[in-house]
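Following are the structures in question.
In what follows, subunit A forms one complex with subunit B and a second complex with subunit C.
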Partner chain A sequence: MIVCVAIVGHQNNPLYIQSFTEGDDALKLHHVVHCSLDVVDERVNNPKKSGPMLNETYLGLLYPTENYKVYGYLTNTKVKFILVTTDLDVKDADVRNFFRKFHAAYVDAVSNPFHVPGKKITSKTFAERISTIVKAFGLSSAG
Partner chain B sequence: MIGVGKIKQYSNVLDKPLNKGKQEVSLSAFAFLFSELVQYNQTQVDNIAELERRLEDAGYAVGARVLELLCHRERGNRRETRLLGILSFVHSTVWKILFGKVADSLEKGTEHEDEYMISEKELLVNRFISIPKDMGTFNCGAFVAGIVRGVLDGSGFPAVVTAHFVPMEGQQRPRTTILIKFAEEVLRREARLGG
Partner chain C sequence: MGREVSESCVESLLIEMVSSYCNRFYADKQELAARRIEAIGYQVGHQLSERYTMERPRFSDHLEAIKFICKDFWSEIFKKQIDNLKTNHRGTFVLQDNHFRWLSRMSIESSPEMVVSSPDGEDKASQAMSMHLYFPCGIIRGALSNLGIPCAVSADISSLPACSFVIRIKA
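Here is the complex of A and B:
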């Protein structure tokens, strides 16, 4: 079950945050996303001295908290996608697939000439596409 | 120039193919649109420098979006952190997507460490444009310079990009050169990474 997705810009400014459960406190999820940004920065700034790892877009599992797992994805423009999920047995390939679709939706939203880069994404179409992708992820990993 | 987000009638958004290239726009349509863009800006400004700046800003917006799009389309694309890497990315990939071919040449400037030049015999945007004498050194390639600046800025390489005419012997139309001058911090970072 995905509880939250977030897009954070290259100056760590939030571009889009959406939570998908009513029960949990939205603020707590924002906080989790915020902490995960530190992990992303740490991974980016401390190169592990292994060439291919440095420039990979998919960052993988960032860190597990008490009942969430947080995955990260970094684009070429230093825009980060953060995914918070409560699933315990989610497969890596599923998450990569999810981020690929997410990236496609993000590129379409940014290509909008009325979108100001750096401001929040306000397109309703984008929000709808994201909820569809999230629902599809929930179905595929439950099976 | 780029045809992303063409929503066909797919029942499920997940069935929509992640678009590949090869979507072509007619040259005349683009030429008309570009000439209208230049004319519109011409009525809004008083001098040449302002006109160039406006064209460049328009190009900057395009460049930022082209970068996002290309990074998504190229599977397994690595983030470019080296100077030569990003330059060859602009020179081949970006040019191929925008103009259908790679740029004619990429050179390193001789006078300064931080200058690089991408040259083109005939820029696509300049093909149907002739500059009146009283405009002096104005070059509509400022639009392309803006695109390059947008791509470089988005990738983390701040630079000043300008377009110039370079007259060539034996050709009646001068060659167009895009001059890229990187900021200080880029050179320092490059020295740190490379050294």
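Here is the complex of A and C:
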């Protein structure tokens, strides 16, 4: 199950952060996201010497904690997408697919002429679309 | 799924935008009008670059980003690529389009009455034409700065309908 997703701008400013848990652990999840930003920086500045995968937007598993797995994605425009999940065996293809949909939703949201670049995304349509994508992810990994 | 836009509508909209800004909103302040039009282009370029770079790996250097502008970005907007790219390898790039779509219907020949009324009719005509180039300049600048390359873009109409854009990357 996905417990938290986040979009972070190129100056590490939060653009969108949403947790999907019942409990009161939003702060803890935000902390997990915050920690992952350093890992993203590290990945980007010291790329592994794996030829074709170089500069790919999908960064893969950033780090596992006891309860969570954190995945990252970095766009050409230096916007970071972070995914925190409690599933321990997640298929890489599923995560890629999730980030692709997530990115498409983000692009549509920022293409709104009333959106100010660099400000938080407050669109309700966007929030609904994200929660649909998040729910669909749970189903595809279970089945 | 890509959505399509009528080409003639876009062209009419652009011409109308330029004329509104130049003749109505900022009739006596051409420089301000130019800045406003450029800013609109900037926002458009900013948003388009986000969309068009979605499915590709990140660029490793400036040249790759400029090449992206010349090839994929230009084909998405104008259905053709930039015809010639020159660079001095010190941060200046010249993008030449031999048949720039947004200028292809324009004529720089000044009308007879314009020449009679003012000796600098030719100047006015080319000035009016250059107002139409602030928008595409803004698009390029917006796209590049969203890709992390701050730059200044200017346009040059040497012989119609060819048009070249000069990009100077700020160090």
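Here is the rule we go by: the second predicted complex is superposed on the first by the 134 of 143 C-alpha atoms of A that agree within 3 Å, B and C clash if a C-alpha of one lies under 4 Å from a C-alpha of the other, contacts with A are read in each partner's own complex, and residues count from 1 in each chain.
Everything below uses one rule, namely that contacts are C-beta pairs under 8 Å (C-beta built on N, C-alpha and C of every residue); 3 or more make two chains touch, one makes a residue touch a chain.
Treat the numbers as computed from the prediction; the structure is a model and nothing was measured.
On the superposed subunit A, the positions of subunit B and subunit C overlap enough to count as a clash.
Of the two partner chains placed by the overlay, subunit B and subunit C both lie in contact with A:76. In the superposition on chain A, contact of A:61 is made with neither subunit B nor subunit C.
Taking subunit B and subunit C in turn and counting the residues of subunit A each one touches, the greater count comes from B. After overlaying the two complexes on the shared chain, residue contacts for A:132 are found with subunit B alone; subunit C is out of touch. In the overlay built on the shared chain, the residue A:111 is in contact with subunit B and with subunit C. Contacts of A:35 after superposition on the shared chain: neither subunit B nor subunit C is touched. Judged by the touch definition given at the top, the superposed model places A:101 against subunit B, while subunit C stays out of reach.
Applying the stated touch rule to the two superposed structures, the overlap between the subunit B and subunit C interfaces on subunit A comprises residues 10, 54-57, 74-78, 103-104, 106-107, 110-111, 113, 117. Taken together, the subunit A residues at the contact with subunit B in this complex read 10, 52, 54-57, 74-79, 100-101, 103-104, 106-108, 110-111, 113, 117, 129, 132-133, 136.
Residues 43, 46-47, 49-51, 53-54, 56-60, 146-148 of subunit C touch subunit A in their complex.
Contact residues of subunit A toward subunit C in the complex are 10, 54-57, 74-78, 103-104, 106-107, 110-111, 113, 117. Put simply, subunit B touches subunit A in their complex at residues 2, 4-5, 12-14, 18, 61, 64-65, 67-69, 71-72, 77-81, 154-156.
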